[in-house]
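Should a chain be cited, it is by its letter among A, B, C and D, assigned in written order, with residues numbered from 1 in that chain.
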């Protein structure tokens, strides 16, 4: 058993399903553009939980022990870390769509180790200095917030965009915060869970709509959504990704609007896609983010966005803290973001 | 029984399923911007056939006798007619997306009568003068060609776009002609029908791929498609619109590419949409066209596009001609475009 | 001499340079889509003043008596009026860029009469109902605000856009309000006039910079602008349109950014355009607006934008009121927007 | 005096104005992603000539001996070389606009040595394998062609774009070839020089227009340009960059169209920019290119573009060849592209 003071660098290793251990983590030698970061805050994300429960997410399978974590901030000076290192040389990288790089090395996405460790080595241009009034925890929150920001950029949210967000989990909520910063004048949040809806309302949703998980209710729920909006829905974010949520999104959106699919809940989907296509409602996919840290930090610095209310639970970097933190995060509901402080 | 010489204006009326009659058609009085057109060429489209067989297309139901036809050209001077009259006053119209206008009156789309008649009245700005070297039949072909042109514009086809087209019916073929005119350097056509594939090859496809209708074959067919392309597929047009064709399209397309859904074959679809969204493969819908006639006529005038080979059958405007024409067109395969000359 | 009660409809006629008379104004007969509006609020714009002083703006020359005014709101129900009637039939209109229509009939732009009259007749779809909490004066302010909104849309202002605005006149100020609503995190205002700068600061500018009218000072002023921004300038709005202001804009803007030319101060310009082009700093032109009233009204309704502080002077619809109002407005400085109430 | 066989690597060094010497060139050691290329073909560009005559281009000044050349192809396997190495780490690089990177190291742009040498070392991802049917000379021509391709991409040339190109030098001509490949249906070329115009006509211009260098002729010349176009001009490329050519471009272009400034002929420009801005004619700048080699090579491979006719003169890599080559290229007119074979 190690304690943080005994060895120089420790990390949370996922050894098997629901089996996490804090163990030593050897740092690689530093390349010419790398810096060594003392990690200070790490949030737990849905995909960490997927790895924890199933040892996999989508096609990424954990085949050998791996360090978890990618929502992270730390100290050289205090920096937030963008977790993915792309190749910088393929066509997609050169074209600025580096999030789609096939050679991406992404913290805690197998086989790349994560950042839930005392120290990591990372390229300097992916470390972003935090201003005095942005904390390390907020720095770590740049990661989930980036998903919302990237989604808002891809579908060009602005003051002309009245929108719904289906799913009031961490991702739906950061998308709401981002959409507000992009100028959206009206945001309606849709969820099955009262607890999540009231959280969303407190965080600034204009309207909240409680829905069921039953497909037969879509038609009636779309009417309620449109009434709550008080006009056409220009854009729908599906931050869940089930048949029912995408069906709702496609049917609620006005001709010429967009549906942005952020949630990755289900692989095969059954959908009324044709009638949406025949109204030129396009489906826009999202994969992580690109070039979002400077904007996120600026939005936090100016107070335009406040992510602190999203951090509902905090834990220390001890074996006990780790075990409890993953337990809490996997149960959801009143836990939005679970954060480690190192 | 009427003959064309007996009364001033006759039209093909759809009275019941598979029941067409040439009968008189009273013209409305002319408004200040209208012109009266002597119709000279009309093509039969898939939706005409749907009406002929089922008295409906999607949600549009033929509730009382209706004149068919919207692929048309005629004479004031010789003009091609854009078949839809939008309201010009709603938000979508003012925004230039008038094809999505909810008050659209579209030839032969219930409850609006079509153009398969000796004469029709139409707004002058939707009648486009044909140059000397563009025939009335080619003028009528501007309508299906417009679908391909609009699709190519929406997804921004250019010399950087290597693409596949699934479905080598009239719509797949005009999409191919349009994509070529937009500069696409490599076009692979995919169909289940040898006859259609060899037609596509003769019309200029770089490669053709015969596929099955069996879902289990997708994976292997995607490999064949990629090999035929000799590189990543930037864009896939689905001009069929079945589960299998969209699944093929989504899986064949490279990260960051687009799938354009033109075919309206199936209303509920079961698809691997999530994994596509997670590669930011967007799904772009198509509904008809907007502002396409000037470009179509220019492409025909300069010879950049030749639509004449697509006209495989021609009929006269007699009761007998009408009956045979719709019979031929509904059987497909070696019939691509069936055209009336009036 | 007429009084408002004596005749049914009176208007402010421009008879000669600096010669305005309230005289009767015969309304045209109503077309099928027209409504008659009782005008209740009209603002004075720079171009009204140009007409007042010179009987011309750019190539538009006042050749016979003309009614002034295009910033207007009135009553059927209470509506704001979009002042331009485009042809709805040319290529640009159909394409949604109707502000560029060559057949545009625009209130108070020769030879079309303006709205500074008791009543006008106008197409219903260009009259926008005002919500209860938006006043007629605010309705009239939708017109100048629309210039700012259209400019922000054309250059895609968002939370990523740190920008400068040169010129703190009414147009510069509405551009600032619009840019804020579009999410711009940092706005630096540049002017030669202390009075205007302090007005801008009170209205919400992050920083203000006093500059000279001397070309030799550009280099040093660009340094001050960059320092005030605390980082690269992504976008510059030139709301003046002189050699010096455009030179400042071109040099202050970062590689890959935009300069948006709104001000029309000078027809021939001498500029360092080449070095800007070689940094891909594009110059984006603005002509009025399109499809902006619904958004402007929404922004006023929600309080996202408050235009009331811009209305610094109010006058009644009497010969005396008219004379004083145009006098005040032509002297500028502490007069921002001069408004008539009818 | 050295001969090629005596030492391993020789290069053309610019020592002083009009003073070129072939002298040894020490290669740097290879980094992990670098390859060593045996240079086989190098074209002379206008900027090489500027350096040759003036020791400077714009703000880039040759302060110590420098190797010339950036239009180049060579052998590892046979590759074409993209001449600029960007930092891959700044905001512009990550955003895909790496041509605007401030840390760009560009062959033959001071202080970076060029490629007019037997061998150079270059990152592998900037070396593009040439297919069997694309020669090394054509490989070197990818560089100027890239300017045309990048310009066509930035302004989105397609079948809807009828355009003029002012200036029929190498850059105007490659822009014409690129615009054709992007689908432009009508291209009118404008120049002062009969020799260049007839070259352009032979290369495929639809129409050519001889103009003067006198500003007073603009109005009449714009009429002739519009007549030759037979309709509105959607886009103007200025590949010269003088007051007169930009004035012509701004006035010839239709409302809502674009002027693309490629030529860098003059630093301070006097222009009727306001009236263009008030028709929303935007000015789009060009700086080199990004991500163009794969497309250029594909266009050459398929024969869609043929650059061979542009190579009017060829020289060997001897002191005598070098002196003659630069002499020929600086006199222009019947010399379009001067090429070295090594």
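Criterion: a residue touches a chain if its C-beta (ideal position, glycine included) is under 8 Å from a C-beta of that chain, and two chains touch if they have at least 3 such contacts.
Since the structure is predicted, the reported quantities are computational estimates derived from the model, not experimental observations.
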(request) Chains touching chain A and chain B alike, please list them. (result) C, D
(request) Identify the chains adjacent to both chain A and chain C in the sense defined at the top. (result) B, D
(request) Using mean C-alpha positions as chain centres, tell me how far chain B is from chain C in Å, no decimals. (result) 44
(message) Distance between chain B and chain D based on Cα centroids, please, to the nearest Å.
(response) 42
(request) List, in ascending order, every residue of chain A touching at least 2 other chains. (result) 95, 97
(message) Touching residues of chain B toward chain C in the complex: what are they?
(response) 33, 88-91, 94-98, 123-125, 290-291, 294
(message) Applying the document's contact rule, which stretches of chain C touch chain D when the two form their complex?
(response) 58, 92, 95, 97, 99-100, 102, 154, 241, 246, 255-256, 261, 264-287
(request) Could you pull out which chain A residues touch chain C in their complex? (result) 149, 153, 156, 158-160, 181-183, 185, 295, 298-299, 302, 304
